[in-house]
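Labels run A, B and C following the written order; every chain starts at residue 1.
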Amino acid sequence: MSERVLDIRNLKVVFPNELGIIRAVEGIDLEIEKGKCVALVGESGCGKSVTSLASMKLLGNSGAIVRADKMELCGTDIRELSDKDMQDFRGKRISMIFQDALSALNPVMTIGKQLDEIFIRHFNVSKKEAKEHSIEALKLVGVPDPAVRYKAYPHELSGGMRQRVLIAMAFACNPDLIIADEPTTALDVTIQAQVLDLLSDLQKSHHKALLLITHDFSVVVHMADEICVMYSGKIVEKAPAKELFREPLHPYTKGLIGSVAKMEDKKGKFIQIPDSLPNPMNKPSGCYFHPRCACATEKCKTYMPPLRTLENGRQVRCWIQEEAHEP
Amino acid sequence: MGKIYIVKRILYTVFVFAVVVTLCFFIPRIGVDDPCSRYYPAQGNMSDAQYEVIKELTREQYGLDGTTWSQFCRYISNLCKGDLGTSYQSGSPKVIDLIFARLPWTLVLSVSSMLISLFFGMLIGAFCAWKRGGWQDRALMNASTITTALPAFFLALLLAFFLGFQWEIFPAYTDQNMVSSFRWNAKSVLNVAYNAALPVISSVIGGIISYAQSTRNSVIAVSNENFIITAKAKGVSNTAVIYKHTLRNAMLPIATSLGMSISGLIGGSVVIEQIFNWNGVGTLFLEANNTNDYPLMMGIMIFLSAFALVANLVTDLCYSLLDPRVTLGEKR
Amino acid sequence: MKSKVENLKILKNKSGAFVRKIWKHRQGRIGMIVVLLLVLTAVFAKWIAPYDPYDVTQRVDKGLSPSLTHLLGTSITTGQDVFSMLIYGTRVSLSVGIITGLAIAVLGSVLGVAAGYLGGIVDMVLMRIVDIMIVIPTLPLTIVITNIFGHSYVVIVLVFVLFGWQSLSRVVRSQVLLLKNSDYVKAAELAGAGKKYIMFRHILPGVSHLVVMNTALTCAGIMIAEAGLSFLGLGNPTAISWGKMLADAQSGGSMLFGHWWTILAPGIGIFLSVFAFMRLGLAIEEILNPKMKRKSGAYVMHRQLNHRYLEEVFQSMNDVETGGTADE
């Protein structure tokens, strides 16, 4: 029996504002086991990042209201945890890699100082020891001349280097779970591959749980063990990575995979999803995806399909699949 | 790179100063044939030849003899020696001496106003940013819309009227013996503080609110930055996030506006000084204006410009220490 | 190419829509109403004011307290009716503010566009001038210039224009530098359009929002400066202005005699007009630049939130088994 690092049941997040209520996340289940990589895939604005921030309890100042039936981190219920206790978790048991490394690093502090902070906070070491740890951490993520780079400011490094620094920060205290929020979006394609390889290697060699958040299927292909596809605050499909690619079930997943260029695609045609995400304050009736779905029926327009588990263990939220698998 | 920039920056400052000096020299001479004409004594029953000698002596006394060009050269060479010319005031005092006699008193007002504004402004601003959206924050917002539309001299008059005349808490007119009887003892210093109270209060009210507003805005802007979330995600405590990450970055725009207010430190208090009869550079300038004392006016202008230029230079050079992204020579 | 009439029509529709937008903006509406009232007061001062303060024969005893015949009493130095002076004072403040504001808008944007678009020597010279003007202390130089050229209305307006265009042209210039590299300007250049044509047809409209935004705020700033200048006794000595009223009140001993109304009335006049123009300017800024809009705090929302409604929202997110069974 493998241990669950993250176990979230029925997570809901809303942001009330003067115009109404933004329904950011609408009841998500997420569990990650040790050593596994789970990918959360969806368009920007579908609630992926909010989910990740909520699981670190970092939504405090934003006016969000968070509800969940269960939020367990390494067996500890974090729902009622005070901010102070949560600070002990952050960085040490759970850490995060952000997408835009330039804005995610403090511009007026050397990267060394920003790394030191973690060791001083969690290991209670002296500044000198922290520096040794930091240089070690930079070496681990393949930053050349770590002792020199230790004194550099974020703007003095290249985009790829900065992302490596963020990864070094995330792995610094050997946490149980690492959340990577679009870790490669801001990078060039060649650097993207390097950073993904690094992330994947570190995750495998340290046997860590990784929650990979992205809008780009090509990123998750080689890394993820399981993929959750998210649409407008709900999970619409959940399946092991290989099976999902072999046979996507939800029309949205089909569209997303279709919009990734594939070499073997002889027809040279992308499957496109028309239109964009619904307004999170005013979502359509029935299945949220029906206005953009090519095979929507009358039923789709009125009733939200439940997330059904099929015989092979895959989960999908679609009336059409439901009927196809009906005995 | 850095050194070349500093040299360039200093040379440019000198260039701007030269232009300012030239302007200050020629502006009073526009449309005047003989700048000294109003200072000649009456001709009386002197012969024209005698009168010419008297006139020439007067011109020499004020450095107004010879062609305009030779006057200009002489002015510049004197300026290089730190001599800003001779005032038309009786006794022909040196302009620079007059300025330095008044300067400390202006600085007492403006420096204390600036420091008080900065201190309380940042304190209130940070507090309102913390309570953002709360009643304190909205109160600051409303106060700033009012104080920016309220001219400082109107506020000063109101304060002089109520605190000075009606309730007689602070003197509405500066004690004219304050300057002459000043000694470095507690009594004198307290007397200065007592007399400075109203002018300082009237310039501080607007200052506090505007610093508070800009502190609030920049603290909020910074706390929405991604690196603050990164810091929190590292498990850094809230106080450390505020002191090590938020405030340092929020200081940057405040430093810019501080630099601007330093360059206006002397010239900015003309009206306030006039209202409270404060013997500073501002009132000296107004006196010079009333007596058409052009050398004095020009001297003060040049002095103020030089002060502003040096203040700008120092601020620019210091800014790169605060923000490592600004390597000398290129701004963000 | 559109005809001139059509262009005018579009402009008219656009500005109409813009005014409506300001009207919908709460702050903007306040500003607009007050500015309108002030303009009406200035124009119809002759009929609103009970006395003509310029008429020497209508002067009475000095320093009278407010009464029914003299609503705000009489001036302590000259015996003019303070209320009438207040009404007439609107003229100087508003006209100097608006005329200077508009002149600065024209000069600042033209110079800014020229500096940004033409670049090279024009840009260098203009920006050096701006640098120099920013260093020279404004108020003292204004005093020197009025000392030499006199305190007439024209000189004062010219001085304010001379010292007012720099910040606008700087802002405009940096916007022009962005526009200059935009595709539509490049396209026009490739199509062989002349520099003048591009400047007035493509660049100027692109920076117009900045100019509009700045003008109302400039007017407000100029009105404060004018009041300050008159207060120092350096304004037009023959005109009745609020700044001069304050100066007279102070020098005449209003404070000593406790005549607070002679200080409060002109002060509030200045405050109100500056305030109105600022509201207008900030409202325009928010309309043209929605990012500026202040987000109302989330904390306030929490308290106002209807908790039952919130529960319903959360409930509605749960998966329900409707439909699935009904269809079978």
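General remarks:
Note that a contact is a pair of C-beta atoms (placed from the backbone, for glycine too) under 8 Å apart; a residue touches a chain by one contact, two chains touch by 3 or more.
Since this is a predicted model, take the numbers as computed values, not measurements.
Chain-level centrality, scored on Cα centres against the all-protein Cα centre, points to C.
Chain centres here are means of the Cα atoms, and by that rule the chain farthest away from subunit B is A.
Highest inter-chain contact count (C-beta pairs) belongs to B-C.
In terms of their C-alpha centroids, the spacing between subunit A and subunit C amounts to 49 Å.
Rounded to whole angstrom, the centroid-to-centroid distance between subunit B and subunit C, based on C-alpha atoms, equals 25 Å. If you average the CA atoms of subunit A and of subunit B, the two centres end up 54 Å from each other. Counting only residues that touch two or more partner chains, subunit C has 296-299. Across the assembly, subunit B contributes no residue in contact with two or more other chains.
Annotation for subunit A: no residues touch 2 or more other chains.
Residue ranges of subunit C in contact with subunit B, taken from their complex: 128, 131-132, 135-141, 143-145, 147-148, 220, 224, 227-228, 231-232, 234, 246, 249-250, 254-256, 258, 260, 263-264, 267, 270-271, 274-275, 278-279, 282, 294, 296-300. The part of subunit A that touches subunit B in the complex is made up of residues 53, 56, 58, 61, 83-84, 87-92, 95-96, 98, 100, 103-109, 114, 117-118, 121-122, 153, 155, 166, 169. If you check the complex, the residues on subunit C that touch subunit A are 295-299, 301-302, 305, 310, 313-314, 317-324, 327-328. Against subunit A, in their complex, subunit B makes its touches with residues 223, 225-227, 229-238, 240, 244-245, 248-249, 252, 322-325.
Per the touch definition, subunit A reaches subunit C in the complex via residues 10, 12, 14-18, 21, 23, 26-27, 62-65, 67, 233, 299, 302-307, 319, 322, 326.
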